[in-house]
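Common to both upcoming complexes is chain A, partnered first by chain B, then by chain C.
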Partner chain A sequence: MLQEESDLSLIIAQIVQKLKGSNLYTQLERQAWACLQRPEIRLESLKEDIKEFFKISGWEKKLQNAVYSELNVYPLPSHPAASPEHLKEPLVYMRKAQGSWEKRILKSLNSMCTELSIPLARKRPLGEQKELLSKWNEMGTDEPDLSHFRPVYAPKDFLEVLINLRNPNYENGDSISFRTHLGLIQVPLKVKNIPELKECFVELGLSTGQLGIDDATQVPPELFENEHVRIGQKVLAQQDSAAAQQYVRQGSPTALRAELWALILNISSQPEDILYYEQLKTNVIQHDLLVDSLIYKDVKLTASNDDYYFVFEDYLYQVLLCFSRDTSVLGHFAYNSASPPKSYIRGKLGLEEYAVFYPPNGVIPFHGFSMYVAPLCFLYHEPYKLYQIFREMYVRFFFRLHSISSHPSGIVSLCLLFETLLQTYLPQLFYHLREIGAQPLRISFKWMVRAFSGYLATDQLLLLWDRILGYNSLEILAVLAAAVFAFRAVNLMEVTSLAAAEAVLADLSTLKVMPLLQIFLFATVT
Partner chain B sequence: MSRVLVPCHVKSTVALQVGDVRTSQGRPGVLVIDVTFPGVAPFELQEITFKNYYTAFLSIRVRQQSSMLTPGKWVTCLRDYCLMPDPHSEEGAQEYISLFKHQMLCDMARVLELRLILRQPSPLWVSFTLEELQIYQQGPKSPAVNFPKWLSHPVPSEQPAPLHEGLPDPSRVSSEVQQMWALTEMIRASHTSTRIGRFDVDGCYDLNLLSYT
Partner chain C sequence: MAGKVKWVTDIEKSVLINNFEKRGWVQVTENEDWNFYWMSVQTIRNVFSVETGYRLSDDQIVNHFPNHYELTRKDLMVKNIRRYRKELEKEGSPLAEKDENGKYLYLDFVPVTYMLPADYNLFVEEFRKSPSSTWIMKPCGKAQGRGIFLINKLSQVKKWSRDSKTSSFMTQSTKEAYVISLYINNPLLIGGRKFDLRLYVLVSTYRPLRCYMYKLGFCRFCTVKYTPSTSELDNMFVHLTNVAIQKHGEDYNHIHGGKWTVSNLRLYLESTRGREVTTRLFDEIHWIIVQSLKAVAPVMNNDKHCFECYGYDIIIDDKLKPWLIEVNASPSLTSSTANDRILKYNLINDTLNIAVPNGEIPDCKWNKSPPKEVLGNYEILYDEELAQGDGAERGELRSRPGQTPGPRGSRSRDSSRSVLTTWK
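The block that comes next holds the complex of A and B.
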C-alpha cells in the first residue's frame, strides 16, 4: 500500500510540474483572481469556493482534459536509480543501435552539406525575406533546383538497420534452430497474440457498431449511425477528452471528426497559439535551413504526386517548415529513444554556450515524412490549427515509427507483431512467401512506417487513424497489414517472385479497412 | 523515510548445476549470489535496489542474528518474485527494481547475510544476473529540535482587555490570515520548467557541420 501511495504522489507531482508551465495554469490563475469579486466566494473557505466555481464554469473539465493528456503522453515516473537514457529506452543494445543509426544520418547530412557547399543554416538577406513573405501562401509555385538534393534516408534503409538488430545476450547461433525467428526481425520483444488483441480491441468486435461498416448505404441509419452521431454531439458538448477517446474507437462521423480529434489531443486554439505559429513563421522567413530543401524535395516527390493530396501542397510547406523551427518538440525526446542532432555556431566548435540543436526541433525528415501531414489537411483549414494537430500527433505517435525502441507501439514491435500474426494464422502463406524470397515484411514495412498514409483511400485512412487515437496505440497498423495479406492470400499463394508479390499488393486504394480488421480479429477460424 | 546505504561485499555468482559445467551442453538456469556485510553490525534491512539483467525469478534467503549463541538459520524472505512476466521475451529484462521491507515474508531485523537465488528457465539467453545491487537500512529519525521553553510551555493566557465594538472577531481574522499565508507559501514554492523557445544564440544561427558526439 505504501508503495502505491508513494507512486501515486510521484505521478501527481510530475503532472503538476508539467502543467505549471502551461497556458492552462496562467488561465486558471487569472480566472481564480477574477472570481474573487463574486459574492459566493468567502475568505475563510477560499479554496473550496474557488474549486466549486471551477467545477461549475467548466474549468475543472479543462484541467481534467489536460491531466488526461499528460497521462496518455508521458511515461510513468521511473525508478529513482534509473538514468534519463533508461527512460528513453530501457534496453541497452537498442540504445546503441539507435545511436549508430543516428550517426549514419548525421554523416549523410554532413556529406551532402560539404558536397553541395551549402551551409546547414544561414540568415536570409532582407530582400529574400520580403520575397518569401509575399509568396508564403503559394510556396508550391516556387520551383527551386532540387536535383542535387537526395533524401537523407528512405524507409527501406531503415528496414535494413532493423533486420540487423541483434541482442548480444540472445542465443542466435549460426544454424537455424528453435531460437531463430522465421521472419526478418530477430529480437524477442513481447507482442500480443490474437486472443490478447481481441481483448484489447474489444470495441471492434462483431456485435459492436462501427463506422466504416455499419454506415454503409445498405444499412438503414436508424440502426446505428444516427444514434452514434447523436452521442458524438453530446461528447463534444461535454468537452471531455476521455469520453471522446472512448467514442472514437467506433469511428468518428466525418462532420465531427476535426473537433473530436482536437478534443482528444487537447488542442484548443487560444490567441497565444496563433501568436506562437506566427512566431515560427517569422523564424522560417529569417533563417534558411538545409532541412527546408529536404522538405521541399520530399513534398514534391510524394504528396504532390498523389491524386488526393496534391491540392494541399502549399499547406504542407507552411506546416513542415514551421515544424522544423519549433523548439517545443524537443520535449518529446525525454521519452523518445532518439536524440536531437547537435551543432556549434560557426567558429565556436566545442564551446557549450554556442551549442545548438539542428534542426531547432531535432527531427530530420526522411523520404515520405510529409505524408504524415497530408491526410490532416482534409480536416483542418487554418494553418495554425493544422500545425498544432500535426505537432501533437507527431510527439504522441509518429515519432515511434522511425526510431529504434522496445516500446509496444515502436516500429520494431509493430514489425514483429505483423510477422508473428502472419506466421501463426497464415503459416502456409508465410512459408510460401519466404521460400520465393518475398519476406512479407519487405512489402508491408513501408505501409506501417507511413501509417498507411498514401496507400489507403483517404476516408479509410481517417477511419484507421480514428482507432489509433482511440486506443492510443499504433498496434492496429500491424494488425491491418496482416489483415491485408490475409485478404489477398489466394493471389499471393500463386506468385513466384518478390516483384510479383509486390504487384499483387501494390494498390490498396480499394480496400475497406474496418471489415478487414474485424474479419481478421474476430471472424477468422484459428 | 530516509535510508542509509550499507556497504556490502557481493560475492561472484555461483551456478547451480548438476554435472560438470565445462562438458555439459546446457546453460545453468539457477545462479546464487551471496551478499555479506563485513564490519557492519546486524542491521534492519529497509530496501534492496538493483538493475535486472535477464533474470526471470528471484528468491532471497536471509540469515539473521539469533538471540541464542548458535548461529541463525537461513530463512526465505522472498519466494519466486517475478521480474520478467515472460521469460522468453525482453519485457522487464533490464529494469530497475526496488524491494522493500514490507514485501518480505519475514521480519528483516538483525540481518547478517543475504543469499539471492536467481532463476532463468528460458534457454534463449546467454547469461543473466543482477547488477548495481545496493542494500539500505533505515536512516536516523530527524533529530528532535529544542524549542525555547516559552514556546513549548506557553504561559496560561490572561483575560484580554475588553475590545472596542467596531473591531472584527479575532478568531475569524486569524483563520483568514492563516489561509492567505498558506496560499502565499504555495505560490512562493512553485516554479515552472517551460522553455523559452529560442533556437539561436543571440540572433545567430550560422552553423558549420553537425557534431557526432
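The block that comes next holds the complex of A and C.
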C-alpha cells in the first residue's frame, strides 16, 4: 500500500512538474485571477469556489485532458534511481543496437553530403527566399534535380538490422523443438497471444457494434450507427479526452473523426500554435537543409503516385519541411530509444560546444516517411492543424516504428508478435512459406513500418488508425498483418516462390479491415 | 432465343470489343443483318436522317437517341432547360419558385449562358452589369476541350469574331456556333486544385423517364494549382480539366491520371465539412441530372430502339453548389490509366447488361425494366413509373436512408422540398 502511494505521489509530482511549464498552466492562473471578480467567489471558501468555477467553466476538463495526455505519452517512472537511458530503453543490448544503427544512418547521410558537395544546411540568399515564399502553396510544381539523392534508408535495410538483433544474455540451447521460433526475429520479448489480445481488444468483439462492419449499407442504421453517432456528438460536446479515446475503439464516424482525434491528442489550435507554425515556416524560408531534398524525393516517389494522396502533395511539403525544423520534437527522445544525430559546425568536428542536432528535430526521414502524413490530409485542410496533429501522432506512435526498442508497441515487438501469431495459429502456412524462402515478415514488414498507409484504402486505414488511438498501442498493426495472411492463406499455400507470395499480397486496397480483425481474433479456433 | 447477337461498331476501342466478345456475340459489318450497333455520333446522324430512310427492325438496338443533341449540344441544352423552367413557371409549379433576386431556387443549375452570335447584345448587357467577371467561350459542337478559351474583356470577344472564319456576326452556321457562359471562378478546391466531376448516366427510355446513375464516377484534377488571377487565363492547364488537355501538361501522372473516385471525394468532404452538407451536395447532383433529363424528355425522339450512356460534367463551387457544365453523348472510352481501363470496361459491361437483357437477341417491345440483379454498379436514378406509383422512395435515388430528416434549417429550399413527396 505504501509503495503504491509513494509511486502515485511520484507520478503526480512529475506531471505537475511537466504541466507547470505549459501554456495551460498560464491560462489557468489567468483564469483564477480573473474569476476573483465574480460574485460567487467568497474569501472564506476561496479554494473550493475557484475549483467549482473551473469545473463549471470547462477548465477542469481541459486540465483533465492534459493530465490524461501526459499519462498516455510518458512512461511511468520506474525507480527513482533509474538513469535517463533506462527511460529511453531498459535493455542494454537494444540501446547498443540502436546506437550503431544511428551511426550507420548518419554516416550514409554524411557521405551523400560529401559526394554531392552539398552542405547539410545553408542560409538561402534573399532572392531565393522571396521565390520560395511566393511558391509556398505549390512547391509540388518545383522540379529540382533530385536524381543524385537517394533515400538514406528503406524499410528493408532496417529489417536486416532487426533480423541480426541478439540478446547476448540469452541461450536457448541447440536442440530444435516445437518451441523454436521459426521466424526472422530472434530476440526473447514477451508478446501477447490471442486470448490476451482478445482481452485487450475486447471492444472489437463479435457482440459489440463496430464502424467498419455494422455501418454497411445493408445494415439498418437504427441498429447501431445512429446511436453511435449520437454518442460521439455527446463526447465532443463534453470535450473529454478519455471518453473520446474509449469511444473511437468502436470506430469514429467520418464527420466526427477530425475533431475526435484532435480531442484525443489534446490538440486545440491556440493562436500561439498558429504562430509557432508560422515561425517554423519562416525557418524553412530562411535556411535550406539537405534533408529537404530527401523529403522532396520521398514525396515524389510515394505520395505523388498514390491514387488517394496525390492531390495533397503540396500540403506534405508544408508539413514535413516545417517538421524538420521543429526543435520541440526533441522532447520525445526522452522516451524514444533513439537519440538525435549530432553534427558539428564546419571545422569544429568533435568539439561539443559546436555540436548541433541535425536535422533540428532529430528525425532523419526514410523512404516512405511522408506516408505518415498523407492520410491526415483527408481530415485537416488547414496546414497548421494538419501539422499539429501529425507531430503529435509522430511523438506518440510513429517513432516506434523505426527505432529499436523493447517496448510492446515498438517495431521489434510488433514483428515478433506477427510471427508468433502466424506460427501459433497458422503453423502450416508459416512452415510452407518458410520452406519456399518466403519468410512472412519479409512481406508484412513494410506494411507495419508504414502503419499500412498507402496499402489500404483510405477509409479503411482511418478505421484502423481509430483503433491505434483508441487503444494507445500499435499492436493492432501486427494483428492485422497476421489476419491478412490468414485471409489469403488458401492462395498462399499454393505459391512456390517469394515473388509469387508477394504477388498474392500485393494489393490490399480491397480489404475490409474490421471484419478481418474480428474474424482473426474472435472467430478463430485457438 | 436462338442465334447469337450480331454486333457492329465504328469505334475501335478494346473496352467495347472485349465486352462483345466475352458475351460470345458475333461481329458483322453494318451492311449485314445486325442486332447491336455501338455507333459514333456521326453515324447516328446518318441512320436517322430523312434521306437514308433507314428503318430499324424490332431486333435492332443502337446506343444513341436520334436527337440526343437536344441534351448534348451546349446551346440546345441551355435552350431546353430554359423552356422547361418557363413551362413550370407558367403551370405555377413549386419547382419554379424564385427568390427575391429573381433566381430560381431549385432550377438554377446551369451557369448563365448566351448563344453567339444570336444573343450577342443580351450578353453585352449582362457583361456590363459585372465587368470584372470572366466568361468561357465554347464551340457548340466540339469536345475534349477543343476551341475553348476564357475572356474577361469585351474586346476579346470582338477580336475572336474578327479572327474566326466567319467574317461577320450575321453569318450563322451551326458548326461555328459558340456559347458563352459565366465562368465559375470560385470552384471548390481540394489540395489547392480545381477539379470537375464526370458521372455516367444511362437512359433507357425518356417517356416514361428511366435513368440509372453509375456509382463509380470520378473527379478529374488539374495538374497546376488553381489561380483566378487574370494573367493565367490563357493557361488551359489551370482551368480546363479535360484529360485530353491535362495529358499534355508537364506534371501529368500516368499512374493515377489525376483522377479521384467519387467515394474519395465523399470521404474527404464528409471528414472536412460534415455529413449533412455532403449528403445534400450529392442529393443536389442527382436532382440536377434528373431535371436536365426531364427538360429534354418532351422533345426527345423516344425511339424504342435506343438507349444512351451520357457523360455528365459537373463542377462544384466553394459553397458546395453543383453546376451542370455539359452532357456528353459519346463519353471517352479511351483509358488513361490501368484503373481507368477497368472502370470503363465495367461501365460498358453493366450498360450492356441493362440495355441488352441476358445478352440475347433484343426485342424492342420489351418493357425496359431490368431486374435489380443485373444493374451491377448502376443505381436507379429516377424511374418515372415507380415514382408515380405507390413507392416514391423506390423511384428515386436518395442518399443512405435513415438520415435524420430533422430541421435542415438555413436553406429554405430544403424545407420546401420536403413538401414534394415525389419528383413528379
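Simple rule for what comes next: the second predicted complex is superposed on the first by the 509 of 526 C-alpha atoms of A that agree within 3 Å, B and C clash if a C-alpha of one lies under 4 Å from a C-alpha of the other, contacts with A are read in each partner's own complex, and residues count from 1 in each chain.
The rule is short, and it goes like this: a contact is a pair of C-beta atoms (placed from the backbone, for glycine too) under 8 Å apart; a residue touches a chain by one contact, two chains touch by 3 or more.
Here the structure is a predicted model, which means the values were calculated and not measured.
By the document's definition of touching, of the two partners only chain C reaches A:253; chain B does not. Applying the stated contact rule after C-alpha superposition, one finds that A:311 touches chain C and leaves chain B untouched. In the superposed pair of complexes, A:17 makes contact with chain B only, with no contact to chain C.
Look at A:114: by the touch rule set out above, it reaches chain B but stays clear of chain C. In the superposed model, A:344 makes contact with chain B only, not with chain C. In the superposition on chain A, A:521 makes contact with neither chain B nor chain C. Of the two partner chains placed by the overlay, neither chain B nor chain C lies in contact with A:422. Looking at the superposed arrangement, the partner reaching more residues of chain A, out of chain B and chain C, is B. Of the two partner chains placed by superposition, A:363 touches none, neither chain B nor chain C.
Only residues 137-138, 140-141, 143, 217, 220-222, 225-226, 253-255, 257-258, 304-308, 310-315, 377-381, 458-459 of chain A touch chain C when the two sit together in their complex. Of all residues in chain A, only 2-3, 17-18, 20-22, 25, 43-44, 46-47, 78-79, 81-82, 86, 90-92, 103, 106-107, 109-110, 113-114, 119-123, 167-171, 179, 187-190, 276, 279, 283, 287, 325, 327-328, 330-331, 341-347, 349, 353-358, 360, 406 touch chain B in the complex they form.
Across the complex, chain A is touched by residues 49, 51, 53-54, 85-86, 88-91, 93-98, 100, 102, 123-128, 132, 134, 172, 175-176, 179-180, 183, 190-195, 197-201, 204-213 of chain B. Listing the residues of chain C that touch chain A in their complex gives 190-193, 221, 224-225, 250-251, 253, 255-256, 258, 260, 263-264, 267-268, 270-272, 274-275, 278, 339, 400-402, 404.
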